[in-house]
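Two complexes come next, and they have one chain in common, chain A, joined by chain B in the first and chain C in the second.
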Partner chain A sequence: MRFLSRKIRDKSSLFWMVISLVILLLMPILLAVGLYLKSLPILQEQSFWDLLTESDWKPMQGKFGFLPFITSSLWVTFLSIIIATPVCILTAIYLTQYAKKRVLAIMQPIIDILAGLPSVIYGVWGVLIVVPFISKTVAPFFGLQTSGYTILAGAIVLSIMVIPFILNILIEVFRTIPEELTEASLSVGATKWETIKYVLLKKAFPGIISATGLGVARAFGETIAVLMVVGNVVKVPTSVFDSGYPLPALIANNYGEMLSIPMYDSALMLAALILFGIVLLFNFLSRMAIIRSEKNQ
Partner chain B sequence: MKLKKTEEIFFKFLMYISVSFITASLFLIVFSIFYKGLPSLSWEMVSETPKGGFYFGKEGGILNAIIGSLYLSIGATILAMLFGIPIALFMNVYLRKYNRFVNGIRFFLDLLWGIPSIVYGAFGFTIMVMLGIKTSLLAGIITVSIFILPIMVRALDEVLKTVPVGLFEASLSLGSTRSETAFRVFLRQTIPGLATAILLSFGRAIGDAASVLFTTGYTDHIPTSIMQPTATLPLAIFFQLGSPIEEVRSRAYSSALILTIIILLISVISRIVSAKYNKHRIKF
Partner chain C sequence: MKSKIDIKNLNLFIGKQQILKNVNVQIPENKITIILGPSGCGKTTLLKSLNRLTDLYEDVKVSGEIIIDNEDILHSNQDVTAIRKKMGLLAQRPYPLPMSIFKNVAYGIRISDSENKKTIPQRVEYHLKQVNLWDEVKDRLHSPASRLSIGQQQRLCLARGLAVDPEIILADEPTSALDPISSQAIEQKFIELKEQYTVVMVTHILRQARRIADYVIFMYLGEVVECGTAEEFFSNPKEERTKAYLKGAFN
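And now, the complex of A and B:
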């Protein structure tokens, strides 16, 4: 009897495990199919290429040009990555090559807390500090006048948000490089810095590219924090002091009220699908590159 | 020779700047939230729901959002555990021999981890419209649990991976079934790791705004059933900050302070738990 009930329990928990896994594996496929089906109506009416390259966004007149949103997203994302990546590389080199263990033990919680802060907190901080800083200090320095709600503000806030993310991966990358390599370089007379420059960075290069790619994906999808500081003006930005309107902000700002206008929800779903596609692509390529370079070592 | 040395000194200087920049960013963020949030933080803020005229600066608090956020995150975390723990155990106990397949699942989970929460939120809302469900706590719990599931599984998986093969074999050789090995040996062995995985997911759930924006709605009341809409802390901050009235905005800052304190607490607790982790572990 006891044996039988154990057997039943064994079988039923196996059953639940398999079901859970199947649900998990089906979820993104369901997501992609659902988004695609919902964006079909607008794709049947206008060509995908036209939607991407048109800059007119007038839902009432049935004009859905995604160019302002896509360019805003690209500006904010790449600017933030340009700020974040050098900081992360330098910090990762310092923490793995120069710093004492104690310093790393102090820095790890700092990095983890930065990674754990909710995006709305970053947004509040952006509104409190970054936006006034740009309108009162940075813009006047260049002889410009802005409210501070700009692409630049979005990029600064976003760069701080992706730093812990990229940094954690980079620390991992530098740690997996075998010590014999750097020791060999040191033993033939190279200085510590030469070893870092010619051996470590060269070995870590694929890892650095992957970490950056993952950072791009993370930054591209970030919604609330960027939305709060970027200004949300539908216009193709031409400078970092212009306001922008990234794709996630478009979805977040308009989703609740779109049902009464024809094609509007389809257009927003297409925005979500584009977001999904780009983020997945960057993630996929970066993860593949990491796996490739791990195999080579 | 001298030039080489200068170059190293220069780059070391840049490294110091980078490390200080990161450290300073954290302290600047936390300090500015405390500085702006403390003055308007009161007992009323955390113990009362919004009264009439709250959004014009009159009395009331954000208890509705605090309770709502707790309900939502606890619900979503429990739902995610219901699926997440079995998946992680399945990968590490049953599929032990099929390394390629397990690595494939890991890769897949890493991809899922990267999907922005706004995509889940928008998708969740569409499903709700299709099924005719109104914004509710339940809809929010389901959406958020889908979004934190990959995070939880991956975090758990990282700990379960470290359970030695010997323990697995010992358990089977003593006559336990695989599921007993999974739940009684593997899970018990990694309870601290399980706790940190849960705390990590809980932190993600309570802080995310984009996935609940369309799914949970917003209300001034504390929900009494999971079919009612509910307020959440991130949205309370977001909406109050958009107000033109000074008092309401300063309440947004103190709401942000409350959320920050919750997140810092979670971080401290999981640090204490994982510090103990290395003490109570069978080592081979």
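And now, the complex of A and C:
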């Protein structure tokens, strides 16, 4: 009897594990299918390509051009990654190669706290510090006038937000490089910096791509903090001192207040689907890049 | 017997733990010197202090002298990279650099000798031949070194070390990850290399020591128990601990 019940428990625990896994796998698929079905009405009426490349956004007149939102998202995301990645690489190298072990032990919980802060706090910080800094100091330096609610403000806030995520992975990446590789390089007469530049960075390259890819995915989807500082003006931005209106902000600002404008609901769902698609695409591309660079080591 | 490395009163602490206790030995030139002993006795630390890789450890304190070519490398104002270049290092497992076979060997040359760029291909070929790897890799010099078998990788690492023209070869249990045939190839190579180089090799394999040693340093718990020529050491050990170790009382 006892034997039998243990056997049943053994089998049933496996069953629950498989069920959890299936649910996990189904989630993104269900999400994508749901978004697609919801955005079908607008896709049946207007061509997908036109929707992507038009910059006219006038829901009342039935004009839904997504270009301003897509370009704003791309601007903010890439600018933030360009700011965050070098900072993270240098910090990770310092913490793993130069600093005492104690410094790393102190830094790790700090990084975790930064990663765990609610994004609205970063948003408030952006409004209080970054936006005035841009309007009073940075823009005048370039001879420009702006309210400070700009792509640049969004990118700065966003870069601070993604730094802990990228940094955490990079620390792990550099920490798992075997010490013998450093020793091998030093023992043929390389300096520490040469070793880092020619050996460690190269070895870490796939990890750097994957960390950056994760940063891009997070930055792309971040909503509140960005929405609070980018200005939310529907216009294709042409400089970092322009205001922007990223995709997540579009959805968050308007969903639920669509009144009964036809197709508005469907258009916002399409915005979500585009967001989903772009993040998926970046994940795929960074995975490809990782596989390629791992093969070449 | 001309000595190449002269170690005097070497003490090494990591934190409060003493890893090396008053080590006094001489390592003869153009011979294979085996540092023998059970694991955890400080063999590797002694080896790494010879090219100052112990600098990498946190909280290390070293005292004493290590004299190589009339210069105390522990207190030298010479650049540490120049000291390290004098010694090729072979680790327990092969660690090829994340680059092509060619670049692995060229790495040290490029870093230390940027003037003679033109001769690099010849030098790479020479050193790959020196470790009997050339014929196996000459058609794929530019493919990643990690695709080689582990035995080939270890020979590549040896070539990488030899490429910067060292005078000494330091090897830390270089055959422990290798299959018997690759191990034999490395041992054979060492016997050939001692004509031109001073070889210092750490091992805990007694039979390997018997096969290739000219000179043996036996260590136990951070101390040098006994050292001498291989013949003397194996046929006529003086210390009780050596006798016990040779009989296989402990590993």
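In the analysis below, the second predicted complex is superposed on the first by the 260 of 297 C-alpha atoms of A that agree within 3 Å, B and C clash if a C-alpha of one lies under 4 Å from a C-alpha of the other, contacts with A are read in each partner's own complex, and residues count from 1 in each chain.
Keep this in mind: a contact is a pair of C-beta atoms (placed from the backbone, for glycine too) under 8 Å apart; a residue touches a chain by one contact, two chains touch by 3 or more.
A quick note: this is a predicted structure, and the numbers were derived from the prediction, not measured.
Following the overlay on chain A, a side-by-side fit with no clash is recorded for the pair chain B and chain C. When the two complexes are overlaid on their common chain A, residue A:K203 makes contact with chain C while staying clear of chain B. In the superposition on chain A, A:G34 makes contact with chain B only, while chain C stays out of contact range. Of the two partner chains, neither chain B nor chain C is touched by A:I82. Look at A:A184: by the touch rule set out above, it reaches chain C but stays clear of chain B.
Touch criterion met: A:E194 reaches chain B and chain C at once.
For the overlaid pair of complexes, the smallest distance between C-alpha atoms of chain B and those of chain C rounds to 9 Å. Shared contact residues of chain A with chain B and chain C: 191, 194.
Interface residues of chain A, counted against chain C in their complex, comprise 100-101, 178-191, 194, 198-199, 202-203, 295-297.
On the side of chain A, the complex with chain B involves touching residues 6-7, 9-10, 13-14, 16-18, 20-21, 23-25, 27-28, 31, 34-35, 38, 86-88, 90-91, 93-95, 98, 107, 109-114, 116-125, 127-129, 160, 163-164, 167, 191-194, 214, 217-218, 220-224, 228, 248, 251-252, 255-256, 259, 265, 268-269, 272, 275-276, 279-280, 282-284, 287, 291. Residue ranges of chain B in contact with chain A, taken from their complex: 4, 7-8, 11-12, 14-19, 21-23, 25-26, 28-29, 32-33, 36, 82-84, 86-87, 89-91, 94, 105, 107-112, 114-123, 125-127, 129, 146, 149-150, 153, 177-180, 182-183, 200, 203, 206-210, 213-214, 234, 237-238, 241, 252-253, 256, 259-260, 263-264, 266-267, 271.
Of all the residues in chain C, the ones that touch chain A in their complex are 48, 51, 53, 56, 58, 81-82, 84-85, 87-89, 91-93, 95, 97-99, 107-108, 111-112, 144, 146, 157, 160-161, 163-164, 170.
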